[in-house]
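What follows is a short report on a single structure.
Letters are used for the chains, namely A, B, C and D, taken in the order the chains are written, and counting of residues starts over at 1 for each.
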Amino acid sequence: MLAAMCGVFGIYGHPEAANLTYLGLHALQHRGQEAAGIVTTEGRVLYSHRGEGLVHEVFNEAAIGRLPGHAAIGHTRYSTAGGGGLRNTQPFAFEYALGALAVAHNGNLTNAQELRAELEQKGAIFQSSSDTETLVHLIAHSPQRKVEDRIVDALLRVEGAYSLVFLTPDRLVAVRDPAGVRPLCVGRLRTPEQAYVVASEPTCFDLINASFERYLAPGEVFTVDARGARSSFPLPGRRPALCVFEYVYFARPDSMLGSASVYEVRKELGRRLAVEHPAEADLVLPVPDSGVPAALGYAEQMKLPFELGLIRSHYVGRTFIEPRQSIRHFGVRLKLNPVGDVLRGKRVVVVDDSIVRGTTSRKIVKMLRDAGAREVHVRISSPPTQWPCFYGIDTPTRGELIASTHTVAETVRYLTADSLGYLSREGLSQAVSAVSTPLSGGGAGLCDACFSGNYPIPIVEPAAPHRQLPLLQV
Amino acid sequence: MLAAMCGVFGIYGHPEAANLTYLGLHALQHRGQEAAGIVTTEGRVLYSHRGEGLVHEVFNEAAIGRLPGHAAIGHTRYSTAGGGGLRNTQPFAFEYALGALAVAHNGNLTNAQELRAELEQKGAIFQSSSDTETLVHLIAHSPQRKVEDRIVDALLRVEGAYSLVFLTPDRLVAVRDPAGVRPLCVGRLRTPEQAYVVASEPTCFDLINASFERYLAPGEVFTVDARGARSSFPLPGRRPALCVFEYVYFARPDSMLGSASVYEVRKELGRRLAVEHPAEADLVLPVPDSGVPAALGYAEQMKLPFELGLIRSHYVGRTFIEPRQSIRHFGVRLKLNPVGDVLRGKRVVVVDDSIVRGTTSRKIVKMLRDAGAREVHVRISSPPTQWPCFYGIDTPTRGELIASTHTVAETVRYLTADSLGYLSREGLSQAVSAVSTPLSGGGAGLCDACFSGNYPIPIVEPAAPHRQLPLLQV
Amino acid sequence: MLAAMCGVFGIYGHPEAANLTYLGLHALQHRGQEAAGIVTTEGRVLYSHRGEGLVHEVFNEAAIGRLPGHAAIGHTRYSTAGGGGLRNTQPFAFEYALGALAVAHNGNLTNAQELRAELEQKGAIFQSSSDTETLVHLIAHSPQRKVEDRIVDALLRVEGAYSLVFLTPDRLVAVRDPAGVRPLCVGRLRTPEQAYVVASEPTCFDLINASFERYLAPGEVFTVDARGARSSFPLPGRRPALCVFEYVYFARPDSMLGSASVYEVRKELGRRLAVEHPAEADLVLPVPDSGVPAALGYAEQMKLPFELGLIRSHYVGRTFIEPRQSIRHFGVRLKLNPVGDVLRGKRVVVVDDSIVRGTTSRKIVKMLRDAGAREVHVRISSPPTQWPCFYGIDTPTRGELIASTHTVAETVRYLTADSLGYLSREGLSQAVSAVSTPLSGGGAGLCDACFSGNYPIPIVEPAAPHRQLPLLQV
Amino acid sequence: MLAAMCGVFGIYGHPEAANLTYLGLHALQHRGQEAAGIVTTEGRVLYSHRGEGLVHEVFNEAAIGRLPGHAAIGHTRYSTAGGGGLRNTQPFAFEYALGALAVAHNGNLTNAQELRAELEQKGAIFQSSSDTETLVHLIAHSPQRKVEDRIVDALLRVEGAYSLVFLTPDRLVAVRDPAGVRPLCVGRLRTPEQAYVVASEPTCFDLINASFERYLAPGEVFTVDARGARSSFPLPGRRPALCVFEYVYFARPDSMLGSASVYEVRKELGRRLAVEHPAEADLVLPVPDSGVPAALGYAEQMKLPFELGLIRSHYVGRTFIEPRQSIRHFGVRLKLNPVGDVLRGKRVVVVDDSIVRGTTSRKIVKMLRDAGAREVHVRISSPPTQWPCFYGIDTPTRGELIASTHTVAETVRYLTADSLGYLSREGLSQAVSAVSTPLSGGGAGLCDACFSGNYPIPIVEPAAPHRQLPLLQV
């Protein structure tokens, strides 16, 4: 399982740790809607509650009430590549030689299968299909005497992208991988002052009345316990490579990522997209909600009217009963509906953040034309997605990525659009740099492997895979 | 109970009536998130399933599977004034002298208490606190031999606002009240051609691949059965008075209401608001989602940048566990979060559709200032709400409406805003007329009693109320 | 729907009325496992909670907590003839001209269809398929000014068997029909002393620490309110006719029915059965649990060993997943299993309380033979069931009653038994009289229509049935 | 956690393995009502479903449908000493070096803590508090190449009582510990003939139409795969010591244990008890249901009437809402109620299978006296329980066992009984031998440590306990 596009949260030093974690997970809900969990401690025992569904479905007052303590970690899960189910719901909590430990993970380890085979040879048993359990075994097998040292020992063995939060009865440990692929930031509560929070995105700090302090540096190990907070950098350095899709799509627009909000970066992506791929059109409309800021930027640059010409329904649940007879564009219509008299007779630019397989974009083009649009120009605020992600995003194989198998001209035909423009890799990089002091240090410091195929962290694929997973369906 | 701000749906002539009704209710979900129900018929028996929650929570495949037939009606409920619970969940289904009948209601009867007392004197029993049950008893007590005639008999007795859909084993009957306070429209399925749908808003027709035909006229009784569709106008005429709040807030922006979409009307409200109450500012931002079109119009008119400076979370469930310690602006923060670097140092105009008690607006102003806004100018795309609604909207009493107890200057102080501007009643009326051929015929044809106190339908309040309701809590 | 073989309970004057009712229903669970409900009052409002399932499945602490007050009534439902579902779950609670009223019913009205047609002609609506709703409408239509008077008015119109408990905000009213077909008894709490309870059987009084006072007399109307308890006899007298099956099968063996426990009566039935139908055998075994006392009596009379040669599983839920492949005697095996070495090579007498269709008895005979029994002699502690019950027991039609379509010799062959003996009607009557002062006054005072076809209360079947029910499936 | 008094089941070779396991667990429900689970395989993957509650609550058709395959194991759990919860629900399923493995366990390992500490030092992680997980780690750490060899390797390390069933994608392995403390038997399906079943008790074979073959011998390892069934005895021998309480209380009376049914043994216990402790009395009554056979034997020997003077309610759920005010004997009354007129004025012998703390027996004596019994003589069909069980029964510490802290005379006073008689250890042993060819070979072959303190398997308690468990609450 990829622990992809998840949200992690941790808190130390507040008497309502479970409740604040619950709120924090709520504000991270956009990073994962499939499952959620919280582990707390009062200094002696770890208490856990996990379940499948949205945060407010998994937790109620009774569940929160059974999670006492002043420290907690939480997780929201996005994807189920490789197996969902309760057993793959995080945080994982377990006992080992040093006592009890829990961990929540956002990212993906690229040598987990190889390590798993090796650990099984040493007698390890696995109850999930998650690479996080591999990490846990490495910690348990380390000869070190302190938990932080064991964590470092284990991380020295793994390759991949990870933002991790660990909880023991006496401390909270947060780690960002040396390339800093996934974000992880630190905040402080206003009361009590010595309470710390860590989270995938700072946007959740507002809700719990905490102030944003900073992002963890790539490779930083950040520990909080009764003596306070401290950092160390025990892992070998690597070129910073923050996932560019955090800017393009993942992060909530109100999150600060570097010196600017994601919202401002996305607007700049839209402006650059307009410079690179202007369109003769009457209006600009976004694919809501994620395409809104880029569309605003595009419209601003083009001096074209911005219109919310597609209305999104926010009440669509995870499961939906489809009618037996075929209904046109059903899957998309359920979430999006055009505003007919805004579109009728108009030449429209529709701005989206990315195209993966192309099927949804095709339905949107058709829907806009059916609603009366005279021309439909598709503009994408990122470069063509041509390579799969191995660092935690649930992408299909190369063969399923339309940008990998079709030229732009072919894609235009497939979409039945009048034109199609992707932002260039340079445009993307410049847009980020122009607006924001990059989060991860000098240079662009971004991972754009999905556009370029340049993977900053080695992908360790065993020549012969250990075994076909999963062997368990729980 | 007010059957306020609900959504109603009906279909006749499609073999998957339950499933299409389920989809239709989904597209009407914004009109009521508290409860939902469907009644179907295969020509002999009425089948019913109702529950509390969102449409996708109430229905699953098994439930839909137990609702056979070619005709159906459905309902989504918004408010619980006067008592919620399963017993007040619609459609109501019952047996009476002519067989079985079900009904779904959007609106409110203003003489229901009086009629209820009278009916109880005649031996009627009541199992709900809904005025819809009063209507049902009037139908059952009518001496007429045909169900449409009984419905008319009953409606001749009631005062108030109502969009109603009835279902019997052999027909579907839809009625819009003579003032046309609530909308109700007709559509036709593309296959089979003779299948009709009725719904509170046409937006749901797109999802089920039906075409919008027209709105029912005020006072129209529209019947569909095996012989086809027909209309009659047996109720005394009244001056048309479509609820102006359908334009301002209720309807989905992609719904056509009259000759224009609600989206276009709201943009025009924003433009007029800008003309009436311009502001020296750096940017315009909406209170999402409902304030977006008006803010776009305001920004367009003022030639100011439009920014999505407040981000809305769409994952907030109906119940939420509040932390015990007080957290600043908690209720609002959960749903809205500011984009700091868009606001910092800026003079902002924030556009919302209305102010009721003022508490939410006050929190938003505070939130914007905390995020760095230098000035906050509040603009409201409707006139001051000074009078309660008796036609189906769940408003507080006059004493709780801030516009009824505070001058604009006092309200500015309460909100801690820099300025406040409401759209004038004339501006509102002109905006609607300018953009849209009014739905309800000549003149503005709008009910603006909440702004003006001019109630177009008599409010019949018994000198001494029949009794204090409810006597039952089920 | 027949309100057949249900349990009713009522309490007035205890601050934990809901909780004691919950316990009382628990002790009446054997009278109905399909649904349960409680209505309480604190003197102003009626509070209701109902659901399908066992008492402990329907109620939890939260549900009990939402049922405040010092007075309550409760109901457990057995059968679903004519339609189950939540809408047919009792107590029924409703509002009418005099305020709020709730009712729970054990029995069956034999002219309900006729009255329903008449009431519908007067404008009544029906939301259930239960005859109890018919009664409720009669009460609502009565011109009387006091609720007891209205109840009497209504009961003067109905024919049938009924034990009823009514609750209003200020009183509890219990009524037993003039023939006293169903039992209903009165008890008093030890603290507070002025608190009264009524229930279908006295066995539930022990659990709530109440003392048994007496059975209500046939036709008695028993009222408890703030002034205390009082009785009246406003209904025309009828020959007492307590359902003989209460002795044979329904009542819990520890219940006193008349001057003796049901247990003692059943033992006497077994003794008489032995006198009438002795058997050359090695041992006597009951069909547990209901056949145990009669088997003890039979064994005692015959001086044969009593053995528990069939073991009953008590964990069988209401729903069960059957294997697709046929398994021999599956339905019975799930509940009963033979003790092989008790039976092997033995001539056994198996005692059961009745035979309805004969299918279960046939499986039991086969099971005993398969387990090694050399001879199987079936003895039934009641006469042949040849006539359907119209007074509240869910029996099949005459054509399905094996004793109505087969002679004893034919039945022996069908059962593949070695012999079969039913207790005679005289034996049954004498056994009851011998042990117990009959509950219902002089003479046997029993209804044995199911054996004799002598129906003590007229069966009013409309020449042409009003309509085929149900028209609603909710 | 003790895996105490659980039921285990396994099947190999039937296309509806999950369904038959579900039925088998149903028939083993008396061995554990707290949780249940099934793991199946179709030859490649292990499929698992587990949950807390009764078998029919944990499984429905959908759950069974998601468990494909021809082989399965199942488990019902009784106690929660040391921690319940889903994580301690069996079967455990996991992956390790040889692939996937699942296990279900009835019994208790007496050196699990010591082994756990050792395993944790080697890097093992623990997700449950069960000793079964310790066993699993031993298997995973074994250097052997075949799963049976690894199982044997692991069992050579553990001390304690265990009946185990293992499942891999290609085989079923069942093991009974060398002392044979817990029962485990083999059966064969009638169709298909080559299909085998194993179960804690043979009583479940009847339900699935399988024939009882034999009990596994102590120490036997029984394997079934595509080639058929085979046995081996790789573990060092030990003196047979079948838990005597299987005869006294655990097993279902219709189960064959040795050459006789448990029912016959219990009757003989009652007869011997009568010889050892006769009573001048009018009647004998059991504490139902477990005391029935011994009471029948006692009554037969004493030539006293047997009466079912206490009626048991079988509808009591696991959770129960207690009234706030104290109600006399509440906990017992809920399950048991006396038949007043059987007891009134009588000298009664009440027969139960054991006394643990004495509190329940005390309430029963009080209940019988309150119901009118003139004298109450308590007879126990087993010796005084003076020592805790370490082999899988959830007993309290010595200090809480009334027979360990009170003499018989003191106990009589505590119970407020007129007399008390326990069956002697010799009587118990002779009764078992008299009726049944002992299951476990020569001599009595029974473990009676709870009566004698003679523990047949060493109790390994670490001088300093590894750590206080649990560290996790999941």
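For this structure, a couple of remarks:
Methods note: contacts are C-beta pairs under 8 Å (C-beta built on N, C-alpha and C of every residue); 3 or more make two chains touch, one makes a residue touch a chain.
All of these numbers come straight from a predicted model, not from anything done at the bench.
Note: the chain lying farthest from chain D is B, by mean C-alpha position. Inter-chain centre distance (chain B to chain C, centres taken as mean C-alpha positions): 49 Å. Averaged C-alpha coordinates give centres for chain B and chain D that are 61 Å from one another. Shown for chain C are the residues in touch with two or more other chains, of which there are none.
Of all possible chain pairs, those that touch are A-B, A-D, B-C, C-D. In the complex of the two chains, the chain D residues touching chain C come out as 16, 19-20, 22-23, 26-27, 29-30, 33, 54-57, 59-61, 64, 191, 203, 206-209, 252-254, 256, 260-261, 263-264, 289, 292-293, 296, 300, 305-308, 311, 313-317, 319-321, 323-325, 327-328, 330, 333-334, 337-342.
Against chain D, the residues of chain A that register as touching in their complex are 44-48, 66, 86, 93-97, 99-100, 120-127, 136-137, 140-142, 169, 467, 470-474.
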